[in-house]
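A, B, C and D label the chains in the order they appear, each numbered from 1.
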Amino acid sequence: MSALRVAVLGVGVMGSYHAEALAGRISHARVTVVSDADTARAERVAKSVDARVEADPFAAIAADDVDAVVIASPGPAHEAQVLACLDRRIPVLCEKPLTTDIATAYRIVQREAELDAPLVQLGFMRRFDAEYAGLRALVASGELGAPLLLHCVHRNPAQTDTFDSEMMMRDSVVHEADVARFLLGEEIVAVSVKRPQATSLAPTGVSDPMLVLMETASGRLVDVEIFVRTGVAYEVRTELVAEHGSAMIGLDQGLLVRRAGGAWGGQLAGGFVERFAAAYDTELHRWVQAARHGTIDGPGTWDGYAAVAVCEAGVEAVRSGERVPVRLGTRPVRVAA
Amino acid sequence: MSALRVAVLGVGVMGSYHAEALAGRISHARVTVVSDADTARAERVAKSVDARVEADPFAAIAADDVDAVVIASPGPAHEAQVLACLDRRIPVLCEKPLTTDIATAYRIVQREAELDAPLVQLGFMRRFDAEYAGLRALVASGELGAPLLLHCVHRNPAQTDTFDSEMMMRDSVVHEADVARFLLGEEIVAVSVKRPQATSLAPTGVSDPMLVLMETASGRLVDVEIFVRTGVAYEVRTELVAEHGSAMIGLDQGLLVRRAGGAWGGQLAGGFVERFAAAYDTELHRWVQAARHGTIDGPGTWDGYAAVAVCEAGVEAVRSGERVPVRLGTRPVRVAA
Amino acid sequence: MSALRVAVLGVGVMGSYHAEALAGRISHARVTVVSDADTARAERVAKSVDARVEADPFAAIAADDVDAVVIASPGPAHEAQVLACLDRRIPVLCEKPLTTDIATAYRIVQREAELDAPLVQLGFMRRFDAEYAGLRALVASGELGAPLLLHCVHRNPAQTDTFDSEMMMRDSVVHEADVARFLLGEEIVAVSVKRPQATSLAPTGVSDPMLVLMETASGRLVDVEIFVRTGVAYEVRTELVAEHGSAMIGLDQGLLVRRAGGAWGGQLAGGFVERFAAAYDTELHRWVQAARHGTIDGPGTWDGYAAVAVCEAGVEAVRSGERVPVRLGTRPVRVAA
Amino acid sequence: MSALRVAVLGVGVMGSYHAEALAGRISHARVTVVSDADTARAERVAKSVDARVEADPFAAIAADDVDAVVIASPGPAHEAQVLACLDRRIPVLCEKPLTTDIATAYRIVQREAELDAPLVQLGFMRRFDAEYAGLRALVASGELGAPLLLHCVHRNPAQTDTFDSEMMMRDSVVHEADVARFLLGEEIVAVSVKRPQATSLAPTGVSDPMLVLMETASGRLVDVEIFVRTGVAYEVRTELVAEHGSAMIGLDQGLLVRRAGGAWGGQLAGGFVERFAAAYDTELHRWVQAARHGTIDGPGTWDGYAAVAVCEAGVEAVRSGERVPVRLGTRPVRVAA
């Protein structure tokens, strides 16, 4: 089966990131068309991913060389673009929000239901994060019993002054809303917001930080600290409290569980493939890019030779119990580092 | 530029892992030829990666549809295979060991030097691991001053009984030998081995664990605990001790640094792209695989709609200060979960 | 100055703990009188701390051999006992609550103010915990800027069925109320409570867990998860979020700070006295108890001798660069382990 | 039984620390006599602990008002002082080293054996540290199987130039020698030392850091990094590697265990007494000192009153589900903070 030909609509931060990933790192896909209201930006990204520009996003959606569409355009453009993709029955990856109001979002749900085919995927990327997936698996295992509370922290180091309390809800807390639904497996039925004294760095009238309280259908509670001008870093933390224990992610220590009896801890990687999976992929990725130009990008023969020499000495040291010198020949001048 | 066509020689654990990565996850590469002394295994892997089998590895190396070669065959086969690749001047990714003795390893170094082109990359994957790369960058920054000691721990949960003390050196400690050279930037000049009382799980005559001491050209010391039957997990840990501080990786907490004055700690991710880079790639990877079959593999329109509904309620709660119910329409029966 | 002679009123869990500490571990104090409505319990504790029993707590307060009073009786008894101590102008350590209602508590405040002498200390022991004290010092240093939020978790492994939602407030959350006042340096002006779905282990009608929200005079927000039937352990955690960073205690990692620029970490002990202060005190405490009976309770001469022998060998090994055997004489049979 | 009357011989850093602890924090003991070759220092310390000075340490040992002796004098003075105490058959706490050479140390062992009474305790304080005691208990439980290796790190931020490689052995590594014997329960039979390139901060001829290797009677191996000029902090870390798991202390995270199957973690405190034991003692200690002067040293009636007021509001909020204001009266001006 040949590579998926993708049109990317909107190539701001998120869209250009997706375009580059599809072109450079994701197998079996390539970007064929780029569309953006900012033509210069469209040209720049298209060139870097070896695609062409379509000024009209609907022309991009309709193009013969497009099998699927990534929608990263501004929210108000989403409804029409998603519906056009549904009309062509091609798969979509749509960045949040699906649309900017409930009524239009529901129309898309209904339209897709009429087609009886799941075609539109939303860009809630946390569901693909190993820690969140691990936390959901833990919940599903039933080991901790029924979930009761979810404590969330969502912090950004800085935001522009136009990022007001409503945007904090629509752009930031929206991730926790999806995380809560993903982890608890039920709908959120009510929302309250507490607006404490704001940081002096917040623009006038903007409540930053806020505490958002969400209630689920079965009466569970989700609290979210949203604080987007901390000056510190991007911090995303989630703690699930259940009847027989709790589990936390986002403390740079993997999935930490606290269990009946007071034991707390995590789980070590089982093997070298799990531990170094990303390193293996990076190794192959860089080697492939270099090999396409007839060279390498990593440790070379001298490194392999030196390792053999050390192991020889080591094996002799195992046998003899003595300190054994490593015997290295002269390093040829021309061999690359 | 078209995709790199790769021959994979040897498809045991490591070779088949590489073959599947090249076929499924690594852009711009595909596996065209598979070769293995075990023909059934070769057939099985070739089928799964959509390649053909060449019984003779040298025929694979010489094939017209091969641009580069991954060598994951048994060590004794490496010398001839690497030299054949050098003769054809095509790039190689060779799993350790380069060869099984110093003399042949040095011959390869010399042969490549004559060609004046770096073509052979060694499979020391730790150099591509973010923690090791971060540790090397820290050393290079000079912030901690000159390195003095390297403490390494290398543990496996289990090994077969044939994995004796020599194999522990050649197969396991070889990674620490390369890590030491990579981090300290100099050659190892001598090796000693301490063989304490062995675990009762070790076969007779096998020293497991061992403490391996390596000295570098400038007199630095590297100690390595190698223990391959712990029953616990795969544990790889490295602590670098320098004149003005120390740094440790492998404790599931990223790169932890201890600095002048007694401060210890790490560094948080700067932004959502850094924090969720792997999640974004996984999201795209799974979406591309599904989209090639005309569907999706992730959160759908109902999830997008529910998020919009929660944000609507949230924005109203920000404005009103009240608890606001979330208004959700009926979920269409046919929409996929 | 001679030892403080203390009367302990109420010797349930807390009172008997205090009595034993005063008698056994706290210098310059002894328990002279014990009083409890449960006479047998009073006798038992009095005997163990070498004190006498007074059935009437007011007789205990008035006794000639009492310089100060610890009040650990049930809450309803506090008002009269504290006032009696104030009448005698002797110092009091009163376990929470001061009294069981606002009016009587305020009367005590006023009575003490008339005397113009601080005589009544409350048993909010967290103020004396190194982590809480460190967190307050960090706030006071101004390094993190103005505090904005306080997230608290207070969990107990189990409680009796009589421990209802009101007791969760009065007995458990009361500590967080004091911690908030201690850390933020201002009064709490309003309280709200969220009662999510309860754990199935909670008695009917009891909301366990709850989320308690407290607002301070300047508009800061304090949220407290109170959950007293977790089955896990005693968990007390506090995170302070300020304008330029955040700090957390209670994760078994000391005081962890997240600062501008994304650095996170803690502070190592400066010296061996700080690191081993508790060990030194335990050593002396146990040695004193043993020495009073003419013996020791710790490592003995053989341990001292063996250490000397190892150091001798070590010094020779430093000089010679060789492996040096440790020369130990025969161990006398009669020397204690 | 009356308080133990202690003579402290030598009041440098360690001796004066012990003297102050015995006088101020340790129950049932007081310092009656202080002796030091530096008379001014002896006077200063004696005054602060309310003791008298004896210029002659043997007079101090023989004094009527001395029940037991702390020896913190220079090492060469230990032999005679310990023997004098043995002659009087009074208990001793002797700082390391027992004596400065093997022969004299063995004479003390023999002399004490003749008396058939353990009277001399050595100042190996780590045995009283909760983490070391916990590690020993874990070993004793047999849960991890037979110990195989002990990795130790011992770092000081700075030392004087006179602190040479021999002193690093006698003054610093001596602690690890005792720790190894304590944890492994057997004697050390040989020592080797590796002297890598020294830090540029080390005086000429001083090997700092060093790697010390100790072998036990049954063939276990102990490695110790000793590094006394790190500029960082006091760092003491010990990892025990056993047949079925490993355990580490000294990472500011308590006792961390890695077990069969790959689980890693620690143990939370079971209850509030365990968690806040030190806080309770500090609270009582400070209250007793203040109460002896007729006052308090901690939270007062206003804090107790404010807590009652918050709890009242909280209880009402539990009942009503509403936000409830906290009703506080006017704070009397005279009440202490």
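Quick note on the criterion: a contact is a pair of C-beta atoms (placed from the backbone, for glycine too) under 8 Å apart; a residue touches a chain by one contact, two chains touch by 3 or more.
Nothing here was measured: the structure is a model prediction, and the numbers come from that model.
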| item | value |
| --- | --- |
| Path length in the contact graph (chain B to chain D, fewest steps) | 1 |
| For chain B placed onto chain C, the superposition rotation in degrees, Cα atoms, nearest 5 | 180 |
| Copies chain C and chain D touch via same or different residues, half shared test | same |
| Chain whose mean Cα position lies farthest from chain A | D |
| Between chain A and chain D, centroid-to-centroid distance (C-alpha), Å | 48 |
| Inter-centroid spacing, chain D versus chain C (mean Cα positions, whole Å) | 21 |
| Between chain A and chain C, centroid-to-centroid distance (C-alpha), Å | 44 |
| In chain A, residues with contacts to at least two other chains | 157, 232-233, 235, 252, 258, 262, 264, 266-270 |
| Touch list for chain D against partner chain B, complex | 145-146, 148-149, 151, 153, 157, 194, 196-201, 209, 211, 213, 215, 218-221, 223, 225, 227, 230-233, 235, 241, 243-246, 251-252, 258-262, 264 |
| Partner chain A, residues of chain D touching it in the complex | 256, 258, 262-270 |
